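I've put the structures underneath this note.
The two complexes that follow have chain A in common; it is paired with chain B in the first and with chain C in the second.
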Partner chain A sequence: MEKRLIKKEALAGIAKRIAEDVTVYAPVRVEENVLFKVLEKGEEPLFTYQNSKNAPKNFFFPRSEVMLRYTRTPKGVEFTAEELFARDGVLMGARPCDARSFVLLDMLFDQEKYKDPYYIEKRNRTTVVSLACAKPPYRECFCTSVGGHPVDDKGADVLITDIGDVFLVEFVTPKGEKLLKYFGDQKADAASEEKKAAVAAAAEAALTWKIATHEVKEKLDRNFNSPFWDGIHKKCLACGTCTFLCPTCHCFDISDEMKYDDGRRLRNWDSCMFPLFTKETSGHNPRPTQKERWRQRVMHKFSYYPENFGAIACVGCGRCVQSCPVNIDIRKIVAEAMELA
Partner chain B sequence: MENIEKKMREEARRLLEEKRVDVLIGYEAGTLPLTATPCFITAPEEAERLVWNRFCNHNLAKYVHDVISQHRNSQKRVKPEDRKKKVVGVVARGCTTRSIVIHLQERQYGRDEVVIIGVPCTGYADRRKVSQALGGEAVLEGALEGDVIRAVTEGGEKKIAVADVLADNCRTCRFNNPIISDVMAGEAAPPMNPEAEYDEVTAFENLPIEERWAYFVKEMGKCIRCYACRQACPSCYCPVCFVEQSRPAWVGISDDPSDTQVFQIMRLYHMVGRCVDCGSCVSVCPMGVDLRKFLKKLDKDAFELFQNRAGSSLEDLPPLSRHRENDNEDFIYHPEIGGHNT
Partner chain C sequence: MQNPYIPYPVEVIKIVTEVDTKDIKTFRLAFVNKEDEEKFKYTPGQFAELCVYGKGESPIGIASSPTQKGYVEFTVQKAGVVTTALHEMEEGTRMGIRGPLGNSWPIEYLEGKNVVVVGGGFAFTTLRSLINYMIYEDNRKRFGKITVVYGARNPGLLIYKDELKAWAERGDIEMNVTVDKGDATWTGREGFVPTVCKEVAPSPENAVTVICGPPIMIRFTLPVFFDLGFSKENIITSLEMRMKCGIGKCGRCNVGSKYVCKDGPVFTFAELDKLTRDF
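Now for the complex of A and B:
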């Protein structure tokens, strides 16, 4: 594996240089929020941020995406496949939890049985440069409880770690190595690797919330009909904040929009928290109240995903914990589920 | 505030003990520092969980409506003679009671279905302002000491005066004491600063139209259509929101900016004479969209044109719920005469 050292101040410049050649997605301060967005000319990327408000999944799985277009003509309806929108891009500065979310999303969108061309095309053409959490940014972080780590290269093509005075840059995959030319030629020595190991150990120790989340599946499966589910949802507003900010939530809904004779078929994010979720055309909804919808949210992440793909569908980023307007804390729910028989 | 909290717990306990309410909605401490969160209690001993402090930001009237309407729906399949009434107790400050007044005026439930523990309010802390005052640093530990928030962050300990981080709606609140209540958990609170209520709106009104439109476009551009604003609002209680209707589809659900603007304009207009400026929609919005500017504008119009302040008295019906021969109508556009406010 190629490894380089760069000056910390150099990273923003490197991002801007890459942006001259391909599209760069980077964290940018927009008023009060730090958001991942396409880096425009003259815009300053921010690499001293904690984590972004929105998860970067948007670049592979946009909130709205046109799948096909059609036109009503006297001869019938004509369909045109939407050109797969994709450009070569580099996602700069994703946190390890967010980078790991791509591995989890790949399991669904790029599986043997189903291949999602819209997602795969964008994913293949994007290089992920991740920025390790030398210090876990929030008290709400719990990546190690769900199989991640603050200094982790899963899902990353390049991993950058703050090892004190400089950044250690590791080119994890061949795709990542293509970016070598932007990162100078100061090779990393053995000492910097030792430093990285120390940073990783300290970061792990700094995480305050730890629980053996993988053991919860069994409990959940046994308690599908438990009164446990009666309490969680009561104060839930049924908004989409938690799922829209979540890096791993991926439910979508397909709808058609017509203007005069022109129509487009769109795929939009859906949310298990919305009352319309899984409502059928007949009017029947197998998940009629917020109780069943909340059970779905927990089961999907901590039981069904492990069952289908062998991994928990939560990366422990803490976004839902921080941003839920009524403080429904998924960590607390999991901890309480562990106490079930 | 400690006294109000104590009294509130006592009253809550009594209501549950005497079975005067089936469920009581109040606030409890959150899992994150410097937060409070809505809670539902049904047993007298749970009253000890209740808190009343500067972090109680939600308008709980939303839940009163939800609980009663869900219960009423569930009773539809019960024989009329076997139907049971569900009585909801609620901890309510000024704006919460205004929302209850609106519900009552709009005949959403009866006065006998809700028992109000009125709390005098001196305003809540805006979590965004707290975060800004801390330079965005994560709060490791926090506590409220009188009117001062003590927060420990990586950078050390900081003290913030609550007065400096009050929510905008609280600063200029006109009705910080309950409009209606069944029991009061304390003496009336001193007034806030209602004279300044429309200062920001007036300043906004005086901007050139292009700037106002640009501001609207910019703010709505941040919206991710999570609908937290709608979901948190006690006045947004339609069983099926226009956004979710599909025959006809009034507004597209994609991220097309004009669809988002239409959603927002329609929601805003549904709030005319019905918004109590509780700030819930603003505080829940994950993206920090400035909804209040536009809500306040409509509120000002409703007051200036119809002399109505939403939910300020049971007798004064909202402008869109009543008919008056001599209602002001010169804002209605007439092709020959023109119209006011165009």
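Now for the complex of A and C:
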């Protein structure tokens, strides 16, 4: 694996140089938030941030995206074109939890049967450069509880770690190595490896929230009809913030829009927190109250995903905990579920 | 990479109004590009997304049998935006279909066995596909005795009336068509589906029951088959849920860890017992 050392203050310049060649998605300060967005000319990326308000999944799975177009003809309304948008890009500075979310999303969108070309095309053409959490940024962080680590390279093509005075840059995949030319020629030495190991250990130790999640699936499965579920949802406003900020939530709606003779089919993020999500034309709703919807959200992440793909569909970024307007805390729900019989 | 979200273009070549209330119609669709018909190779029990551009898509069970060449058929009740648009269509209109989707009736498992087909009301569409498949020429000898119990609220609500007659006239399939309440012209059987199943009393010996209907019918019919000695493994049904993608990605049609669109819609009651129920 190629490894380089760069000065910390050089990273923003590197991002801007890459942006001259391909699209760069980077954290940028927008009013009081840090958001991942396309880095515009002259715009300053921010690499001293904690984590972004939004998860960077939208570069592969946009909040709204056109799937195909159609037009009215004398024979009816007919298909005109597939719209498969993708471009070469580099996602700079994703936190390890967010980078790991791509591995989890790949499991769903890139299955043996039924591949999702809209996701896969964008994912294949994007290189992920992760910025490790030398210090876990938030009290709400809990990546190690769900299989992640603050200095983790899963989902990353390049991993950058702050090892004190410099950044250690590791080119994890061949895709990542294509970016070598932007990172100078100072090779990393053995000492920097040791420093990285020390940083990783310290970061892990600094995580205050640790919940046991082994066998959480079995606990949840056994307690599907337990009174446990009767209280959790009571504060919930069904606003869907948790699912919109979640790096692994992938539910979507498909809808049609037509103006005069031309139209398009789009997919938009949807949320299991919304009453209409499962409501059928007959009026029947298999998840009639917020209780069933919350149970679905927890079960999907901690039971169904492990069953179908062998991994918990949560990366422990803490966004849903931070941004829930009524302070519902999925860590507490899981911790309490672990107390069940 | 084949884009699974792009429908095949089809043309509506025939529309049949099935019921007196006129809100259930069968649409016969022919592929605009002949090669698409080959790609749309299906098995009874599968479904497809019917696409009306500008309105959306609706997941509907395939009502024709793969033994019927040159077209596919869907029987659709007028209910929401897409199905209403479909009902307003005329022959000759172009639209799209996406599929075939989902698993299917377990044809191989049914081979060599007696098959009891139980349907209620409008939920007879993929059962019709199965029946036409089983009785098609040489296929017939691959299956044992075929017993059908099909009921509707009244004679005007029975679908596929001509076929029901034609099947009854064949000697190789036992037809039991019933209505909850007959009318002046009705000379057939009266009675609810569960009651008729009890009277017909098919033997569980080497037999499988395939059942589709409104939840209330299923609820009262299941105990009849358990009493007759059918095991949960040998009672098979097809589920419906709200769907969008049809390929297990959009996240709304799951029952426990299984997606009805991709792991179903066909399940045995033994399988359903193992799933956390949310439907």
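Definition applied: the second predicted complex is superposed on the first by the 339 of 341 C-alpha atoms of A that agree within 3 Å, B and C clash if a C-alpha of one lies under 4 Å from a C-alpha of the other, contacts with A are read in each partner's own complex, and residues count from 1 in each chain.
Heads up, the rule we're going with is that a contact is a pair of C-beta atoms (placed from the backbone, for glycine too) under 8 Å apart; a residue touches a chain by one contact, two chains touch by 3 or more.
As the structure is a prediction and not an experimental result, all values here were calculated from the model.
> Specify the outcome, clash or fit, for chain B and chain C once both structures are aligned onto chain A.
When both complexes are placed onto chain A, chain B and chain C end up side by side without any clash.
> Looking at the overlay, does A:T48 come into contact with chain B only (first), chain C only (second), both, or neither?
neither
> Just to be sure I read the superposition right, which of the two partners does A:N268 touch: chain B = first, chain C = second, or both, or neither?
first
> Going by the touch definition up top, name the partner, chain B or chain C, that contacts more of chain A.
C
> Given the superposition on chain A, what is the angle at the CA centre of chain A with arms to the CA centres of chain B and chain C, as a multiple of 10 degrees?
90
> Based on the superposed arrangement, let me know which partner A:F277 touches: chain B (first), chain C (second), both, or neither?
Second partner only.
> For A:N124 in the superposed arrangement: first (chain B), second (chain C), both or neither?
Neither partner.
> Between chain B (first) and chain C (second), which does A:S255 come into contact with in this model arrangement: first, second, both, or neither?
A:S255 contacts both chain B and chain C.
> So, does A:D329 touch the first partner chain B, the second partner chain C, both, or neither?
In the superposition, A:D329 touches chain B alone.
> Rounded to the nearest Å, state the minimum C-alpha distance from chain B to chain C in the superposed three-chain model.
Closest C-alpha pair between chain B and chain C: 7 Å.
> Would you mind listing the overlap between the chain B footprint and the chain C footprint on chain A?
In chain A, positions 253, 255 sit in both the chain B and chain C interfaces.
> Mind pulling up the chain C residues that touch chain A in the complex?
For chain C paired with chain A, touching residues are 1, 3-7, 9, 11, 52-57, 79-80, 83, 89, 92-96, 240-242, 244-245, 247-257, 262, 276, 278-279.
> Would you mind writing out the residues of chain A in touch with chain C in their complex?
So the residues of chain A in touch with chain C come to 67-68, 70, 72-73, 75-79, 82, 84, 108-109, 111, 114-118, 120, 221, 224, 250-256, 258, 263, 265, 267, 270, 272, 277-282, 286-287, 292, 295-296, 299-300, 303-304, 307-308.
> So in the complex, which bits of chain B are touching chain A?
30-32, 35, 37-40, 58, 62-63, 70, 128, 132, 136, 138-140, 222, 224-228, 230-232, 244, 249, 252-256, 283-284, 286-288
> Within the complex, which stretch of chain A touches chain B?
Residue list for chain A touching chain B: 30-33, 50, 53-54, 62-64, 137-140, 234-235, 237-241, 244-245, 253, 255, 257, 266, 268, 271, 274-276, 289, 321-323, 325-327, 329, 331-332.
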